[in-house]
Amino acid sequence: MLSGGHLLSVLIFFPVVGALALMMLRGDDHKFIRSIAMLVSVAEFLFSLMLLRGVPIGSSGYQLEEFAKWIPAPPIHYHLGVDGISMFLVLLTTFLTPISVWASWNSIQKRVKEFFVMLLLLEVGVVGVFFALDMFLFFLFWELMLIPMAFLIGIWGHERRVYAAVKFVLYTMAGSILMLVGIIWLYNATGTFDLPTIQQMLANGQLVLEPRTEMLLFLAFFVAFAIKVPVFPLHTWLPDAHVEAPTAGSVMLAGVLLKLGAYGMIRFCLPLFPEASHRAARWVAVLAIIGIIYGALVSMVQPNLKKLVAYSSVSHLGFVVLGIFAFHHISMQGAVFQMLAHGISTGALFLLVGMLYDRRHTFEISEFGGLSTPVPKLAAFFLFVALSSLGLPMLNGFVGEFLILLGTYQRHWGWAAWAALGVILSACYLLWSYQRVFFGDVTLEKNRALPDASLRENWILATMAVVILWMGIGSPFITRRTAAATQTVMDQAEPQWAYEATARANAKPHAKTVSLHAAPTIRVERLAVR
Amino acid sequence: MTTPLLVFFILAGLAVIGAVSLILQKHPIHSALSLIVVMVALAGLYLLMGAEFVAAVQIIVYGGAIMVLFVFVIMLLNAGVEERTSLSKMAGPPGLLLVTALAAFVAATIAKSGATVQAAAQTGALSSTKGISEMVFKDFVYPFELTSFLILVAILGATVLAQREKS
Amino acid sequence: MVPTNYYVILSAILFGLGVFAFIFKRNVITIFMSIELMLNAVNLAFVAFSQALGKLDGQVFVLFVIVVAAAEAAVGLGIIILIARNRQTLNVERVDLLKL
Amino acid sequence: MFPQAIDLHRVLPELIWCAFGVLVMFLQPFVRSRQFFTFLALLGSLAGTVAAASAFVHGGPGFAGLVQSDSFTFFFRLLVGSVSFLVVLAAGPYLDREKLPIAEFYALLFFATAGMGVLASAQELLTGFIGLEMSSISSYVLAGYRRDSLKSSESAMKYFLLGSFATAFFLYGIALVYGATGTTLLDKMALTDDTSTLLKLGLALILIGLGFKVAAAPFQVWTPDVYEGAPTPVTALFSAGPKAAAFALLLRIFATVPAATKYWFWAFWVLAALTMFAGNLGALVQTNMKRLLAYSSIAHAGYILVAFAAVTSMAQGGSEEAAPAYAAVLFYLLSYALVKLGAFTVVSQLGGAGEKNLSIDDYAGLSQRQPFVAAMLSIYLLSLLGLPVTAGFFGKFYIFKAAVNSHLISLAVLMAINSVIGAYYYLRVIVVMYMREPSAEAAAGSVPFPIGVNAVLLITFVGTILFGLYPNPVINFILRPTLLAH
Amino acid sequence: MPEQPMLHYLWIVPLLPLLGAAVNGLFGAKWPNKYVTATAITSTGLSFLCALEAVREFFLSGQALFRKEFFTWIAAGNFRAGFDLQMDQLTVVMVLVVTGVGWLIHIYSIGYMAHEGGYYRFFSYLNLFMFFMLILVLAANYALLFVGWEGVGLSSYLLIGFWFLKKSAADAGKKAFIVNRIGDFGFMLGMFLLFRTFGSLDFAQIFAKADLWPKEAMGHLGTLTIACLLLFMGATGKSAQLPLYVWLPDAMEGPTPVSALIHAATMVTAGVYVVARSHVLFTHSPTAMLVVAIVGCATAFFAATIGLVQTDIKKVLAYSTVSQLGYMFLACGVGAFSAGIFHLMTHAFFKALLFLAAGSVIHALGGEQEMPKMGGLGKKIRWTYATMLIATLAIAGIPPFAGFFSKDAILFASFQSKAGGRVLYAVGLLAAVLTAFYMFRLIFLTFNGKPRYDEKKVHVHESPWSMLGPLVVLAILSLVGGWFALPAFYGGPDYFANFLGPVFGARETVEAGAEAAAHQLELILSGVAVVAALIGLAVAYWLYIKNPRKADDVAKSMKPAYTTLLNKYYVDELYAAAVVRPLVWLSTNVFWKAADVAGIDGTVNGIAHGASAIGDGVRHSQSGNTRSYAVWVVAGAIIVLAVIFFWPSASKIAVGLVR
């Protein structure tokens, strides 16, 4: 079971070590603290690059698995593994962490030590979620990552930070606790928390979920993930959280945390509940499309630049969800790619917004205007990132959207047609806001003297720009590595495959069909009789 | 109407009247006295059931010790007529309703289930104080010893609570 | 012979009256008395049952209950004295500093 | 038959605790040094705990089945023993600060502990009753231990009146059960027919009595007032000790008496639901730390009752598939006791002389003033909230599991909703500590934390995290089929 | 070193401008203008030479379609988007036009932009545009073509908004991009459909497979028809056809060379190129063809009418561009793809020339664009006048200028086409009259009559040779450019059509069959066309030279029509009122304020408030009165008893709850 070193564990726990080291430090030597945090996060990134070697191209199934018994009853194991999808999401995380450390170099001045500790702990939680193959472990990390994020928002955020932080936690918890019930329930049906094992059982028909049950379970998981993504009606925590969070927080939030939801859908909803997913697909798609268009429209009219970006995330992740639930191989790969692309571009957008904030301490678009005269460099970078985010070919945003739409079109051309409207709208809100912020004469005198990008900012943005360009041109580097994984997911999510399982199950007598409601009725009768 | 039954009803009536008057009396001292009536009546009933040891203890400990303690405290605090405040909404009509419901329910249930107890054979008066003492010192020696600690706690507690501030 | 049931029903009635008293008396001491009344009801039930079942342990229990009652009385009255000293009142309704 | 040595051995912990209680009382006039008594008290509670181990090793029924010394008893003796140990640690500085007599406090604590021990080991209702009274009566006194404080005395009165009121119900229940079955020995009871209405009524009344002790809604009304009024270390004791003991007796009763499992299921269902909501919703709007924690302890009693419902819904209490549910209850009680002790200790220390600073606002900016304390308190709160790598998480997890196991999906969902509500007010405290600037006078000084208190914090913290990462030893122990011997 | 080295390194052709753009963009800011100039000119010039070399090799290789895959750029499942370039006859024409004209315009810009701020920005954008345009024309699959397609849109956005301090400029740029995006929406869907149908986006594969498909009957919406229409939607966006033409006139906010290069010569013709490139699909769908023809024809006429009354010299040219593009689509619509491409080429010459000349005029007048403030410039700036006149003659379709042949071919083809050919022809002819009119109106207003500008203030001066040079070259081209396609009846073989033959094969041979019968007719038609042009010329002369008063009288006499035309049929206003404002209002008030803030978030917070309200209730049950507590205990007792005793009845309810 245990194959290939302990790379995954190292990746999970190295930041913990870093965080502990930071805690030991004296609180007042900010420069030193920052350097240590930077060191740790960069090292983490370099480690994570080893994954590329660990996950050979075309390898289906989980690589670098680690397995250790943890808790006997119920059997909970420390089971890690990585495949093409999670690998790149981890790389994204480990890449964005140093970036955000770097980005908060000067902007964080109070309680510096705690800040970086929280940032590293957040990284721990996220990486753990991506690696966990034991559902319990998954949930554990899933919850763990809440607290650092909440602190990041709540302590270093802006005016309504506390409200935003609490809202964020409660929203996520509401979903995740139901998911816990779902997980436990699945455990009762299967006797294990181990994801691969359960997938095995489904594959060879030992476990067949009665439709209604499957749907309920699907919902239990889906709602939790949908809140995280966020899917349309559950998105209202996002604008608050984003606007109030400090730059680094927004970057991690938009860049990584939102991906967890989509990742969960790919990793759990589809493979575990294929038929339910297929039955729900129509409605999910509708929500996703609403999210795309609605998010774009709402973001178009935001007076607050950061909120605008936040809502644009709603729109972009609508694409991801659509791509997942279109059940087409291409759209699935597109979804994965779009996750990464969005992570980079939106992360970069938040960085830029944050830099503007550092200069003017406001997000109100009306406070800016004509900025490209004082800050041409920032303006140029902003334009570049905006273009990538509105899906200009040869930049990262395009590949994801294009593949999603292309794949979706192959299955349901109507969905694709509706979603494609988002492409138009994204151009509208990005270019419009860009014009209002950067074009024209300088509207406010105090903006005339704003300093242009510092060396540090230049380097940060340049890094992001390079990645954006590289992802746009060299996308096969990623898609070739995710292909096998997405293919596996697609196979597991194939309904006819599930039907076969049912057939096999009916052949087998010992196959247990599980239902939420048969049992209580029995018990109630028993009580009544006695 | 056999004699015991007659006696029972007299004593029972006495007990109930005592309890009711405990409630109706305004002054705590009167309530205390009516409680003593109840206790005496119960002692009588115990005798009627042939449990004379218990009856004795009832009179001595309850009537003798505990109630005296009560009266003593009442005098000590020279508690006057209780003021009939009714600040509690719950304890108004809803309380009345609920309490009657509870009492009625309990009584009714017991009355219904009477048969089960009746079925148990009436072995007549078993009145061996010896037997009781044996049980106390053999079968129930553990709880009995515990009660001694309980008394200790009581003493300790009383002193802790009631002792004057040593200033 | 008096049916055991009668005793038990009587005990139930007394118990009920005890509850009633507990709720409708204001004076702490009287309320405490009503608890004693309830305990007496319990004793009656015990004795009745023990006699009905022809077992003695019921009566042993009564002894225990009485002891407990005594202990409670001691502590309880101590507390009552404390209250009276702190608050200069014996009316429970006046003792409501702790609320909400 | 007269008691044998072995019988005494099997109740050794209680005897030791009582003995120490007496010893303390005896030495009180002669010894002035407070440290001496504290040391004695620590020694005593430890000694009892150790004795519990040996009592467990030579386990079995004692006094012709009045008591039962099995792993279940062992677990609870351990629990109450360590609880009293920690309470002693925390109470020492408190009593010094409040200038309260120390020996009596420890003596009462010992008797209370002994009472809980009896309660946990009793396999006969009347013995249980005596144990209950021992713990309750000493609790009444402890609640009013700050004699000159109005609140303290009031809480004592309320606790005393309502407590004895409930006891009467409990006692009457015993009487009726005795009448119906002709015995008060649980295992004998199991053999008799369980159809009679009298038994049903008796069990119902017993449930009422114990329901009051564990503060199940709507019997919970006394809890906030008493908890707020009582001296904080005592509150800590209340929230951890007597509650656990009462739960122990409940568990023992319907693990042994089939009738109980039969009649109590839906009662538990309803009580659980009511209690959870009463606790959480009530806590939402609290501004006083002690009251907030009191309400939260109500809520947690509700969660435990969910597990109870799960146990009862199993065909036979104590049978194989019910074992996880028992485990859930026990583990939860453990994790919960740890956390509550820690939290209340922090509150008691921060309260300052005369327990002035109990309002949440007094905690504003604590993270700057006293980062260590703030961190500890946050850990406790997160554990109450049920977040991973804290014992509270596993506790909640096992309860969820038990509930889902026995198809109480709806109850599980209610519990989920409640944990979200709960999250709100726990977070509120954390938010205040970390995200609000301290008020002027609060910012001034940091409250000193003496060694004893810090020890409590450390122990509870380590326990919380340890059981949050590696609950195996406990789980393995309480999952043994021989948990309850009868 | 393979033979045909250039073809095998075809990627160099687009790469050079990109390098120029990058270098200028990154370092230009600090450099003096001459370095910037050098970079820009050499990069584009080199790429022109490389293109020539590539074309030479192409010819040497016997004009065999050359196609090479350089690297894969997107790959997912069975979908592959490669960086594949190809070279065939059509490409040859486009590449030469793009690089050649592009280079000339670069040279022109040196002089024109000399005194502008952001010199380096301008050239780096311009080079970027060249890069994308070359990608567009060299692409061997739709995906890569789309890259160029979007890219040129981007660079036009940047160049239109070059003077971003002017709000109007920034608006125009944004408008251009968004309107194009609307077209691209269709284009993308078209690609998706093609991929779904043919499992690939490579031209070669698609066309090979599509050839085997049966023609779809007229009026029948088959897959190919839908695909074609979707692609055409993209084309209308890019090539400013009805109803998406609105961005082009505004695009005149950009510097004039930009208007010349992007909005006249090259980018706007991309739509025509795509249609021509996908001719295999179109020919399979008469319906789509008809739509293309009608849209093209309608646009040609519609834009011409607006052009009649515009007073801004560049606006006139802009509308004439729209109208000429209409001609090209008309050609494609009636199946005369080669004619369409031919007109594309000639138009590139003379329209670029017109714009550059206009630029020269504006330059001469120091930025004045309003024709009413010009007049009598002919004598002062002769070179400009001469060249512009040539261009005008060409666009008006006076033989032997280039425009004549191409326009003639288009009209002839439309006349011949089966579906409604006559109508199309008539409208086209009318448009030709209008074209002649407004172009000569422009000439007369600008160069003839009395000066209407303040001669003291404005010192008119001829432009430097860096600007005149390109004018001259283009003038020559617009003169001889048409002779490639000397129609057969003049004895000259139609080189152009034959050259493009291999691309548009099938269609042309059919024409060849009808040739003999056609000669007579063609002769007549070309005569008619010339007459039409002359009529337009005459009217213009009569109105603006003979009796200048008349023009205003005419305008007054038909006021409503005049104002309508002046305001471009109020189309922009219509869009604003029908689409833009409602959308913004809806998003602000309904989606954001009502749905999001009040609705969803309100619900969430409402739940929270509700909970704490209940909490307050629970709290107040805590009255602090012991008696009440006792009652609560009793209540609890009753609940427990009720549950335990009356279960069977209660269970029903509770189970209901459980479910």
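Things worth noting here:
Note that the chains take the letters A, B, C, D and E in the order they are written out, and that residue 1 is the start of every chain.
To be clear about the criterion, a contact is a pair of C-beta atoms (placed from the backbone, for glycine too) under 8 Å apart; a residue touches a chain by one contact, two chains touch by 3 or more.
It should be emphasised that the depicted structure is a prediction, and the values quoted were computed from it without experimental measurement.
Path length between chain A and chain C in the chain contact graph, taken as the least number of steps between touching chains: 2.
Think of each touching pair as a link: the shortest run of links from chain A to chain B has 2 of them.
On a Cα centroid basis, the chain most remote from chain C in this structure is E. Contact tally for B-E versus B-D: the pair with more C-beta pairs in contact is B-D. Using CA-based centroids throughout, the chain positioned farthest away from chain B is E.
If each chain is reduced to the centroid of its CA atoms, chain C and chain D end up 26 Å from each other. One inter-chain figure worth recording: chain C and chain E are separated by 97 Å, centre to centre, where each centre is the mean of the chain's CA atoms.
A separation of 38 Å divides the Cα centre of chain A from that of chain E. Averaged Cα coordinates give chain B a centre that lies 6 Å from the centre of chain C. In chain D, the residues that touch at least two other chains are 126, 130, 133, 137, 140-141, 144, 147-148, 156-158, 161, 165, 176, 179, 182, 201, 224-225, 266, 424. The set of chain C residues touching two or more other chains comprises 8, 15, 18-19, 22-24, 26, 31-32, 48-49, 52-53, 57, 64, 68, 71-72, 75, 78-80, 82, 92-93, 95-99.
Each of residues 520, 527 in chain A touches at least two other chains.
You'll find the chains touch as A-D, A-E, B-C, B-D, B-E, C-D, C-E, D-E. Note for the complex: chain D touches chain A at residues 262, 265-266, 313, 324, 327, 382, 387-389, 393, 397, 400-401, 404-409, 412-413, 416, 419-420, 423-424, 427-428, 431, 434-436, 470-472, 475-476, 479.
Residues 608, 611-612, 614-619, 621-622, 624, 626, 628-630, 632-633, 635-637, 639-641, 643-645, 647, 650-651, 654, 657-659 of chain E are the ones that touch chain D when the two sit in their complex. The touching residues of chain A, counted against chain D in their complex, run 70-74, 136, 139-141, 143-144, 146-147, 150-151, 154-155, 161-162, 165-166, 169-170, 173-174, 177-178, 180-181, 184-185, 187-188, 516, 519-520, 523, 527, 530. Within the complex formed with chain C, the residues of chain D that make contact are 126, 129-130, 133, 137, 140-141, 144, 147-148, 150-151, 153-158, 160-161, 164-165, 168, 171-172, 174-176, 178-179, 182, 184, 224-226, 228-229.
Put simply, chain B touches chain E in their complex at residues 87-91, 94-95, 98-99, 101-102, 105, 109.
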